[in-house]
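Take this structure first; my questions come after.
Chain naming follows the written order as A, B, C and D, and within any one chain the residues start at number 1.
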Amino acid sequence: MGLIRYIGKKAVIYLATFFVAVTLNWAIPRFMPGNPIGILLSRFATLPESAEVMYSYFTQAFGLDKPLYEQYINFWRALLNGDLGVSIYLYPQKVRDIVLEALPYDIVLIVPAVIVSWIVGNWLGALASTNRRLDNILMPIFYFLTASPYFWMAIVLAWVFTVTIPIFPPSGAYSPGISPSLSLSFIVDFLKHWILPFLSLLLVMLGGWAIGMRNMIIYELESNYSRYMEALGAPNRLILRYAFRNAMLPQITGLALQIGLAVAGAITTEIVFSYPGLGYLMLQAIQNQDYFLMQGAFLVIVIMVLISNFVIDIVYAIVDPRVRYTYTGETG
Amino acid sequence: MELLRVEDLHVYYLTLRGYVRAVDGVTFTLTKGEVLGIAGESGSGKSTLVNYIILPKPPMVRVKGRIYYKGLELTGLAREELGKIRYKGISIIPQYAMDSLSPTKKVKRIILDLARGRSREDLIEKARERLKLVNLSERVLDMYPIELSGGMKQRVVMVISTLLDPDVLIADEITSALDVTTQRAVLEMIRDFKETGIIKSVIFVTHDIAALYQIADRIMVMYAGKLVEIGDADGVVGNPKHPYTRALIESLPRIGVRYKVKRLKGIPGSPPSLLNPPRGCRFSPRCSEALEKCRFEEPPETLVDGRRVYCWLYSR
Amino acid sequence: MMLDRIMERHRETLILLRRNRKIKAGASILAVILAIAVIGPYTTEYGPLEYTGAIGEPPSSRHPLGTNTFGYDLYSQVVYGLRSSILIGLLGGILATAIGVLIGFISGYFGGIIDELLMMLTNIFLVIPTLALLIIIAAYIEHRGILIESVIIGLTSWPWTARAVRANTLSLRNREFVYLARMSGMPTRSIILREIAPNMLSYIIMVFILQFGGAILYAVSLDFIGLGPTKGISLGVILQQAVLWNAVQLGMWWWAIPPGLLIALLLTSLYVINTGLDEVLNPRLRRQG
Amino acid sequence: MVAQALLEVRNLVKVFKSGMMGREIVAVDRVSFNIEEGEILSLLGESGSGKTTIARMILRLLKPTSGDILYKGRNIWKLKGRELIEYYRQVQGVFQDPYSSFNPIHKVDRPLLQALKNLQGIEGSEALKIIRETLRKVGLNPDEVLGKYPHQLSGGQLQRVSIARALLVNPKLLVVDEPVSMLDASTRIDVLNIFADLRDNEGVSILMIGHDISLSYYISDRIIILYKGSIMEEGETDAVLGSPLHPYTKMLIESIPRIEEKWGRKSRIRLDVDQKPTAMSGCKFLDRCPHAFNMCTRKPNLIRKDNRKIACWLYKNNYNQDIA
């Protein structure tokens, strides 16, 4: 009962967010100062071929001759049909196809990086919170890690592992000449390309988790239940276990917020390694002023973030009993 | 049988502005079967005293004095050694009882973890019985603390704290956050627990003398870190010797006392700062009977009607 | 007893601020970096976009951070770039803090339907990934300067601040002294300005420190993607160039490593100061002993 | 009807809603009572009785969900501008927590000066003179408190300054919400004496919110017993506390620890066993009442019974005297 109510409430927020994101996506080219539509139109002059086809699509999609509300409805209609327009830079490919092709690269990068950094970071943070000496050594490192821009971490890793000790390839998702298959050689090749961008994300996120966990545990250890347990002679290990459990819960909520930042990290990291995910795609789109592609990528990113947030919320509701009871309406 | 003996204990808080002399020379014993009440207002040191007995840790610093439990000196004992005495030997129902339970663990889990090393079935069975004694259903075992009301949580803590039948139970201001009706029920539960032998002795700390009077065998009154008077409850309440105790009890309105009929008087002034307490008797600046001597010399221990009183009026 | 201790802390705050190791360390690093940004440009004879004749040279006494493929002196680029990155951070940080504080405050103070609408809005913008949103906004702006960049960063990164400030306001609004001010006939404006706002100041300072750092990070990321200032230099632009021209692969680590290191140190110092402040103002985080 | 009451509370209801989809909590449920001139009326209740909520509504700090509060016959929620200032010139309040009654960043002088300036238009040396006088009236030495920050004063001193603030404007009605519950026992009684003196010497009406029965007994003329947002019993202090009729009042009085005698062997107090919100339809005390019977599933009205009003089906033979 409480669970459903909680999830329902979250779903409403995410649907509203999706609505706003789509609206922004529609509105930005139309209402930004400095005539962005004009910029867009000027791009057609540079199209290699079939400018006419493109132009007619454009007028249809933007419907510039129609009243605004109609433009808006048409925009939604196209979107719900899965139509994100046609790429200018990779003409005549559809934006949807290009984006969907890039998306798996983001997922294989972001999901493991977030999960591994969460686990390792929390573990290191818990370790630091209980060991004074370790704390003094680790904390400055954690702060430095979390303060580093993702792409700079990527640059550092690239310099160390592709130039100084050249054991990993500097760019791409797999070596040119190999075609994707489930063969062992491909997988090894893929992982070799994957490891550095993955590590960049991992290292930076790790710092944040560790700091958060360390502070939360210290906070929990000062709580009344910890004092009570200590007064009843509970061993440190036990008190720590309780503190860890309670400290972990806000870290799960933090996971939801982290997804957005991880995406930002992935976008820039992919650029350093020319890793063909949405970030790299966006760079191509920007450099080629391919606005449809850019906006399509934006929408897909938003949807991805919303879905992961929703998943995290559900996990949280299951793990934390407080959610169930505060939403049942039985107490306070 | 003597369960606990505190000898000339001085416990200070180390703060940035110096030592706060929260407990400054307190001596008392606790024998099996008794309920010792410690009464005092804010800043009297009563909470520091009992919290130091069960959990000595910074920023509390023991400057002087010893604590013995069944003849074993606790002061100076290693943390692990102390850990063995806590709970089974000395247990506590803390002031913050209502949030003493981790919100994300079921009550049953908390019990099993705290009383570890004992048979699971026995513990659960015992917890069930005890819950009944405090008017709670055994369903509580499978609930999270968040599902319980404040009063229920406190009773659960009462059950947990006494589950191993401790020799000494410290009850620290456990009724001050409660409604009157609940307060009486809780006091009666503590008394029943002691009378049925579940707990061997109780140190009951409160600012509410009237509540204390209902369950204490002996009462010890503290003021500004010092012991002021200690003796049997009827004596201390019915015939207080120390001017502080007397003024305190006289300031309490009783049912049936109306302003229009009898105007009561409080104690003027406020308790001293314990960073820099006054010389001599600490109550002397507020005492209406203070002698010249009281302001310079600390009053010695004096026996009056078999009661220990620290006041110059009784030892000229 | 408990209350007395709370009051005691209040008096101790100042002493603790000065004694806190984190604040001391963080402030020292920050001071050095700020000094570089202020003084740095006067210590170099080259402009940030001035051809020096030396191409791709490693660090030397003439060029402390070497030169890049185009013959630019990297030390000049870094000190000028640092200046503009900090400027964007300050402007963006101030704007984001101001918006967040305003929305959070209105939401928390007035409550009701205004609160629900503003919080809905806040929660929505909290979920939309900021950098992605920044990218599609920046891409449509033809001429981007430092000001525009900081404005769009400020406009997109306020949500968490709004949420935090709202909680802070709520707890202050229902304090008895605010009620008493109302009962003393004080006008709402002075209740807000004289009774509530001063109590939020330390909190807002902490928020600003984080927003300052956040704005710098967003700015370098935008620059790095190529959506930074269309003219001029910044730390992000240096890094963008470095990656674009394969600095690392060509062994020119001095092009790519120092600018990022500077950003990382700057942000580290901000985070550490913030944690130090948090420890002082929130005693439960203090380590005992 | 005899003379108009100073303050009239009619069918007051306050429902708290938590969030957009949160559930509703009825904190105050159709409460009506009067405050007469020159009396001390105690609103006694345990936590959750709605007593503080009522006080805040009377002080115009919280808007009622429904019902009216009339001061000298005028609805206080219709007052605006000057009228509102005038209301606060006549009705003032003191809160429970002396520490949070003062802004930690200002000296304690400020709220005093502000009250005089905004409500009375008095500033400067004239204001200071009144402030010093009033501080003396509440038993403080002005030189010891003026110019100090809240943390430099004790709780007892702060509470007296807070009372002085309320008295600066010579109010007709003082609403004091648990004014002594955070003070030490030895200083409580002197603060209560201040209130009693105000009533006796200046004819100030006082609404005292509290949970301590002996304190209310000590100074109040009339008493209202609240339970979960509803009035259980109301009447002269001696009548209600001296010979209680309502089972809840009886239980309350039985629970008071007395310094003059020990409790008998065992009480019959029933505790709230469950957290279930009490059904709105019946008597709020139903699940803890030792005398509950089938009628009690319906809500009893507050009826007149001899020298008091009572809401209990045990006294339903007076049903026809139902008070609207």
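Descriptive notes on the structure:
Here is the rule we go by: contacts are C-beta pairs under 8 Å (C-beta built on N, C-alpha and C of every residue); 3 or more make two chains touch, one makes a residue touch a chain.
What you are looking at is a predicted structure, and each value in this text was computed from that prediction instead of being measured.
Ranked by distance of CA centroids from chain D, the top chain is A.
Across the two candidate interfaces, B-D and C-D, the one carrying more C-beta contacts is B-D. Ranked by how close its C-alpha mean sits to the mean of all protein C-alpha atoms, the top chain is C. Between chain A and chain D the centroid-to-centroid distance comes to 54 Å (mean Cα coordinates, whole Å). Centres computed as Cα averages put chain B at a distance of 50 Å from chain C.
Between chain B and chain D the centroid-to-centroid distance comes to 31 Å (mean Cα coordinates, whole Å).
Centroid to centroid, with C-alpha atoms defining each point, chain C and chain D lie 49 Å apart. In chain D, the residues touching two or more other chains are 155, 275.
Contacts with at least two other chains are made by residues 42, 147, 149 of chain B. Touching two or more other chains at once are residues 3, 8, 11 of chain C. Against chain C, the residues of chain A that register as touching in their complex are 13-14, 16-17, 20-21, 24-25, 28-29, 32-34, 36, 39, 132, 140, 143-144, 146-152, 155-156, 158-159, 162-163, 170, 211, 215, 218-219, 222-223, 256-257, 259-261, 263-264, 267-268, 271-272, 282-283, 286-287, 289, 291, 294-295, 297-298, 301-302, 305-306, 309.
Residues 223-225, 227-235, 238, 242, 245-246, 249, 320-322, 325-326, 330-331 of chain A are the ones touching chain B in the complex.
Within the complex, the chain C residues that touch chain D are 3, 6-8, 10-11, 116, 175-177, 179-187, 195, 198-199. Residues of chain B touching chain A in their complex: 54-55, 82-87, 91-92, 94, 96, 99-105, 113-114, 116, 144, 146-147, 149, 157, 160-161. On the side of chain D, the complex with chain B involves touching residues 46-47, 154-157, 184-193, 196, 211, 213-215, 217-219, 237-238, 241-242, 251-260, 262-263, 266-267, 269, 271-273, 275.
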